[in-house]
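Two complexes come next, and they have one chain in common, chain A, joined by chain B in the first and chain C in the second.
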Partner chain A sequence: MKIHSQTEKLEFVRTFISEAAQQFGFDEDSVQNIVLAVDEACTNIIKHSYEYASNKDIDIRIMTDDHRFEIIITHQGKPFDPKSVEIPDMPAYLASYRKGGLGMYIMRAMMDEIEYKKLPNNITEVHLIKYLRNKISR
Partner chain B sequence: MSSFKIDIREMSNINVLDLKGYLDAHTAPDLEKVFQNLLERKKYNILINCKDLTYISSAGLGVFMAYIEDVRKNNGDIKLSNMSPKVYNVFDLLGFPLLYDITKDEKEAIQKFTSPKKL
Partner chain C sequence: MFDVTISDNGEILLSGRFDASQVEKAKSIFNKIEKSSTVDFKDLEYISSAGLGVLLMTQKRLNESGQRLKLINMNKHIWDVFHYAGFNNIFEIE
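Here is the complex of A and B:
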């Protein structure tokens, strides 16, 4: 699916991801976790990569392979490497009353792998990967 | 349109916010406005009833982070109650129960507001 870089589009993304993850066979908790991670990734792109410009594109694709469920989010905003963000020490973080930066922490906690790819033409891909542990192989 | 609604009730010196629906990056500014308005009116005892809150992302959590310091400086607090397990999991993942009073129900939160603080 393709959306414009607008926060009001997040609910469509959540519905799209939720349906796909359910169909793939994830349980309710895992579906919620994946949905939240994708919401956070798209929110980061809207806020930080596109800096709230509302007419930019975000492309969201799902690729599945056996037990692997992968969401690929593509944008052409400012590149941002999720791996460059240190995982905060939450008690210290909370004690300092900081706002923001929590999204990355959530993404990492909810997904098995996060990959970041910088492609030509200023294209950035964020890959969010989750494995379905108990899927019966066909 | 994302469905998110905030109803405000005032009970003695406590303002109760009933959150309903989806609290994400799109709807978090609505909650921010309510907090700003409460603080402008020097209302520092704030109880968030999450009974009908079906979803929260970090944008929503960030609103609580943004105001807790100001509220506590003024001898108030932001307490949260009636969370569904799904919403609580997100708070818990980020360690929020260490910083925020999260109670089972509204009654317990109100008691904590009205009873003297334990050291």
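Here is the complex of A and C:
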């Protein structure tokens, strides 16, 4: 699916991801975790990569392979490498009431792998990967 | 769909889905809170880090004057998110 870079579009993204993750066979908790991670990734792109410009594109694709469920989010905003964000020590972090980086922390907690790819033509891909244990064919 | 209201007894009621698109709406209520208050999550289906940030900044501001938020009636997923993020250490959650 493709959306414009507007936080109002996050609802459509969550519905799209939720339906696909359920169809793949994830339980309800995992579906909600994946949905939250994708929401956080898209919010980061809207906020940091596109700096709230509302007419830019975000493309979201899903690729599956056996037990692997992968969401690929593509944009052409400012490159942003999730791995470059230091994972905060949460007790100290919260004690100081900082909130920046919280979305990234949650993304990492919810997914098994996060990959970042910088492609030609200023294209950036964020790959969010979750593995399904005990997959039951539907 | 998201809504935030203050009930007659002063409780803050959240409903719907609290994501980045709803931050300004939420701030319009939370920024007015000046004393210890209860936030009822009973009808809240979803929250992302954007919503957590509003609660965190409100708690920070209230703590400076010895006040605080108490959070009640979370669904399981929201409760899990709070615990993943360690927010259970800075909010009283019932």
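Some observations on this one:
Rule of thumb we're sticking to: the second predicted complex is superposed on the first by the 135 of 138 C-alpha atoms of A that agree within 3 Å, B and C clash if a C-alpha of one lies under 4 Å from a C-alpha of the other, contacts with A are read in each partner's own complex, and residues count from 1 in each chain.
The rule we apply is simple: contacts are C-beta pairs under 8 Å (C-beta built on N, C-alpha and C of every residue); 3 or more make two chains touch, one makes a residue touch a chain.
A quick note: this is a predicted structure, and the numbers were derived from the prediction, not measured.
Under the clash rule set out above, the superposition-derived model of chain A with chain B and chain C contains a clash between the two partners.
In the superposed pair of complexes, A:H4 makes contact with neither chain B nor chain C. Shared-chain residue A:H48: touches no atom of chain B or chain C.
In the superposition on chain A, A:H67 makes contact with neither chain B nor chain C. When the two structures are aligned on the shared chain, A:Y105 is found in touch with chain B and with chain C. Residues 6-8, 10-11, 14, 32, 36, 39-40, 43, 46-47, 90-91, 93-95, 97, 99, 102-103, 105-106, 109 of chain A are contacted both by chain B in one complex and by chain C in the other. Here chain C touches chain A in the complex through residues 17, 19-21, 46, 48-50, 52-53, 56-57, 59-60, 76-77, 80-81, 84-87, 89-90, going by the rule given at the top. Listed in rising order, the residues of chain B touching chain A in the complex are 1-2, 22, 24-26, 55, 57-59, 61-62, 65-66, 68-69, 86, 90, 93-96, 98-99. Note for the complex: chain A touches chain B at residues 6-8, 10-11, 14, 32, 36, 39-40, 43, 46-47, 90-91, 93-95, 97-100, 102-103, 105-106, 109. The touching residues of chain A, when paired with chain C in their complex, are 6-8, 10-11, 14, 29, 32, 36, 39-40, 43, 46-47, 90-91, 93-95, 97, 99, 102-103, 105-106, 109-110.
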